[in-house]
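Here you go, one structure.
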Amino acid sequence: MEQTIDLSVDFAGLKLSNPVLTASGTCGYGDELAEFMDVSKLGGVIIKSITPAPRKGNPTPRIVETDAGMLNAIGLANIGLERFVHEKIPILEQLGTVVFVNVAGQMIDDYVQVVRRLSQERAIAGFELNISCPNVKQGSISFGTDPSQIRQITGQVKAACGAKPLIVKLTPQVTDICVLARAAVEAGADALSLVNTFTAMVIDIENRRPVLANRTGGLSGPAIKPIAIYLVSKVYQDVAKPAGIPILGGGGIRTASDVVEFMIAGATAVTIGTATFVQPDTATRVIDNLRNYCERKGIRSIRQLTGSLQ
Amino acid sequence: MEQTIDLSVDFAGLKLSNPVLTASGTCGYGDELAEFMDVSKLGGVIIKSITPAPRKGNPTPRIVETDAGMLNAIGLANIGLERFVHEKIPILEQLGTVVFVNVAGQMIDDYVQVVRRLSQERAIAGFELNISCPNVKQGSISFGTDPSQIRQITGQVKAACGAKPLIVKLTPQVTDICVLARAAVEAGADALSLVNTFTAMVIDIENRRPVLANRTGGLSGPAIKPIAIYLVSKVYQDVAKPAGIPILGGGGIRTASDVVEFMIAGATAVTIGTATFVQPDTATRVIDNLRNYCERKGIRSIRQLTGSLQ
Amino acid sequence: MKNGVNAGHKGVFTAEVLSNQQIRENYYRLNLRLDAIGSRYFQSAVPGQFLELDLSELPLPPEEKIPPALRDSAHRHILLRRPFSFSDVIVLPSHEGPCVKLEILYCVLGPATLRMMSLTSGTVVNVLGPLGNGFTIPKTLKRAILIAGGMGAPPLLHLGGYLKRHFSEVQTVCFAGARSCEDLPFTLKIGNITGLVLEEFDVLGIPSRVATDDGSAGFKGFVTECAGQWLSDNRPHPKDTILYACGPEPMLAEAAKLAEAFDLSCQVSMERRMACGIGLCQSCAVEIKTGATQTEYKLCCKDGPVFDSRKVVFQR
Amino acid sequence: MKNGVNAGHKGVFTAEVLSNQQIRENYYRLNLRLDAIGSRYFQSAVPGQFLELDLSELPLPPEEKIPPALRDSAHRHILLRRPFSFSDVIVLPSHEGPCVKLEILYCVLGPATLRMMSLTSGTVVNVLGPLGNGFTIPKTLKRAILIAGGMGAPPLLHLGGYLKRHFSEVQTVCFAGARSCEDLPFTLKIGNITGLVLEEFDVLGIPSRVATDDGSAGFKGFVTECAGQWLSDNRPHPKDTILYACGPEPMLAEAAKLAEAFDLSCQVSMERRMACGIGLCQSCAVEIKTGATQTEYKLCCKDGPVFDSRKVVFQR
């Protein structure tokens, strides 16, 4: 069957060469990965959260392994808006892939400031709004669980995006994620990203202290995948599909089969996070295997998969 | 160090010989386990959900394995109140352990009916209110996420318990579990049980259908342990400790170290569920190893552990 | 441990791998020697019962040995035990008590069976069993008709041997089917009269027939059609004949229809996804008729896996 | 792959286990032969660099071989790679390119190192490396003082050999400490002049001293105290002497103080829990002074693991 398979997807007004992106906070500023794979083959990269001022992040230990997962409490460590623009954007311009920047802050103005500045950069294709990071004390978590705050922040940040798309990243630890998804969509989100990590804790039973210096951290990795699949399918059915808004799905993806599962559940594109730590070229391997799946199943365009759950 | 170690705990007005119980839905009616261990050595058993009328449960597949976990959608299959009383209580009387009955239903009256009837049985030590089972369509999930409904059902069921303690089992998938914990405590709960399973889904990518006949199921097993530890520590600090109410902790426990972790986080007693499927005598093994931990750490009474997180 | 370690009871114990041979692409034969405790549990195990293996600590075979279709799922670590029937149980009495050897035939389908490939002689595995209720063999039985579909073979192979050993007067015939020649977990050979037969049954003196959906070996068509023709030709007596069937559920449903058409009683061995194997979790429900329109769920692991075909509500 | 497979770059490749020997309770020596790609990456690896092993598919050793204190945690399956230094790198040139052999010393502490026990000759493991920046050896160096605490030994052993091979004029002395005699990952022997010495350094012609917290071997007390006495006696010249230290963080902090007291420069090799090892996750932060009161976090995996001790803000 010598048939070329179309892996490209339309995502929030952009055409991505394939649906596989690297997740925010797990691919640095995009440059380190270039030593392990051809980054231009990716659907895109999502740069770790950028805040207006540099952030040192939390003391260590910042991570701990769990069964089929890990907790992290990095604390949004980043070099800040200015250094990012001057040191990293020139590198990103060379990568030849679609670059999204994840944006975080403590007040709405922080987000707006970063987005307004970066919306002028040709190298940046769009933004992912991190309103759901569980590790920042003063900050964002309250934004992430209250629909009216989501509406407010989404609206204001969207206004600062210019023509660039805004992805809103939702926290999974809420009673009804659809309420929040709807709020984001109503306020102008161009795409929804789910799921972020789950707040969790590991205790060292020898000294009776939490292992992480931050006490709690966000659980990521294969452990959370079945919850993420459920949430993607729910948000797709109840919000994204009716609104015609794409979902960027993720949580525990390691293989092409996992990507297919997320797409069937309703994702248009996906993010790979924790898996990259184990195998730095996971994303490009997955893209190759996606092609194999499509070939085996006689699928000409991978877009057919999105939301095809029976 | 020939020092006897006291593993007993006070739990909701009962003295348990040790803090290890088998979780509802994972130890049948208590009788099957007797072939694999001395059930009288357990802190107690929690019988699977009993409803007024028998329930056939969901079609199969009812389970699917995931990374470090499994989904179940049994659908509260049980023989119903009457057959339970006539067929199972005589067996339970022989087990020589503390028996709690998990109670489920579709309306508050269902719960009240089961509790009122069973409160007359000497073989039953107390009740666990299942307001959080994610697999019953018409039923309980809404009870579990709304504080005013929790108050109402807890109050009415407590009134039917007579002198027997009522444990309220909370769903973990809410924005703020403490709000619900507080509602249960205010309405008369003698203990809080957490966590129940997380709603999740696995999709078969060959036929694009959910693997489970019920489409979704509850995620249990080691995968969820770090989230459960976090929630126990949070509910302990914010609700249980101030109110002087014990927590029955669980989610992914496999070893004595896991039990210790839950107790340090704030649990007075714990439940073992999924692990029993792999190793039927997990609970009694864990009890032996708890003794070893206490010996090694010079702990005379295991009660010292509860809430000892630094 | 209410019951102690006795024949007829079940428990957890270890077994040593004697051999693990590939018999065909993706099909393997595993031979185990049970420890003293396991041997006591298994000395009176009957065909149709099963066991559960803890395969969670086995390593994956090297990447190149993993069938491409399974490479993705291979990454999943295993939590739950896996159920397997046995195709033979050999009890060797000794003065220290019985020593039991078991044979398992398995097909590589997913992460657990993939890991089983890495078992080598001397590896120790953890076993739970024997589980469930096996086939019933009434004293009055004169004729046994075995119908095996795909990996339904193991318990029927066991049953064939068991009948020869303990019910030597019973006339047995076996029908084995699969999608294609390569999916038959048997050794095929040319028989004297009937064409292609199964070596494993031939050595027991049991006549056998082969059917494949694609006609790549023996009868072209479903094994139940092949058995149906034979039944039409031979018309065994309903009172003293039993159909024993094991295989995919649609095949069992066909076997049940066949039994009804020929007024024979029929025992089917069912499969369900199992979390515990011992009646704790209710995951393995089989819908059983309790009246004209009423049904209830029985547990495949505890009440089955063998059921009277007339009682079963087959799925799909 | 912007950079291709070149010396000085890092990448993912496989290595074959040559041997895996127990050298003491809970201490093992693992020898690996890297594949052609890995050999190219590692041919110019320097002491203080490290690698990351994927141990997720290794089986557990049998129950009875698992130290009782680790039995509970042994059940956890592994997801992330684990970082290890190397205690030696041997480059064998051949006309097909270099072939590199690596030695790793490891201590069994948890689920991953437990699984490493089951590595046998011929097992293939997946490696990511070489990672990080190793020790700096200025051309002007005349004296190297190595201070190893517990499992801080491997990179300093490598450094000792490396100095002998490439900087033979440098005078090196090694101090090795541990809580107790059994925690020293070295072979002890009686030296000619100085009492107890380390076989591994002795063969390199490097004088060594042993310190144990409990006095069970050599100097009783911290290894930094032992080194401090030697420094008081020998007063090496600040300009051409460097202290190289690797071990637990409190020991490194003491080494830093020692360096300050004697006005020596000091390079410390730090450890952090690492998720990626390649600068992606920011989990391995080390607090570094950037001014009188200001600090910033550097990455142990990428900017380290070796840092100038004057710059490091040690924890606790």
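Miscellaneous remarks
To keep things simple, chains are lettered A, B, C and D as they appear, and every chain counts its residues starting from 1.
We take it that a residue touches a chain if its C-beta (ideal position, glycine included) is under 8 Å from a C-beta of that chain, and two chains touch if they have at least 3 such contacts.
If you're wondering where the values come from, they're calculated on a predicted model, not measured in any experiment.
Of all chains in the assembly, those touching chain B and also chain D are A, C.
Note that among the pairs B-D, A-C or B-C, B-C reproduces the A-D interface, with over half of its contact pairs the same by residue number. Chain pairs A-C and B-C differ in how many C-beta pairs are in contact, and the one with more is B-C.
Chain C has its Cα centroid 47 Å from the Cα centroid of chain A. Chain A and chain B have CA centres that are 34 Å apart. For the pair chain C and chain D, the distance between C-alpha centroids works out to 54 Å.
Residues of chain B in contact with two or more other chains: 66-69, 221-222, 257.
Chain C has residues 76-77 in contact with two or more other chains.
The touch graph of these protein chains is complete, with an edge between every pair of chains.
On the chain B side of its complex with chain A, the touching residues are 66-69, 71, 145, 173-176, 198-203, 205, 207-210, 216, 219, 221-227, 229-230, 233, 252, 257, 260-261, 264-265, 293, 308-310. Touching chain D in their complex are the following residues of chain A: 25-28, 32-38, 48, 54, 56-57, 59-70, 72, 74, 77, 221-222, 274, 276-281. The residues of chain C lying in touch with chain D in their complex are 57-60, 62, 77, 124. Partner chain A is touched in their complex by these residues of chain C: 68, 71-73, 75-77. On chain C, the positions that touch chain B within their shared complex are 1-3, 9-12, 54, 56, 76-81, 128, 272-287, 295-297, 302, 315.
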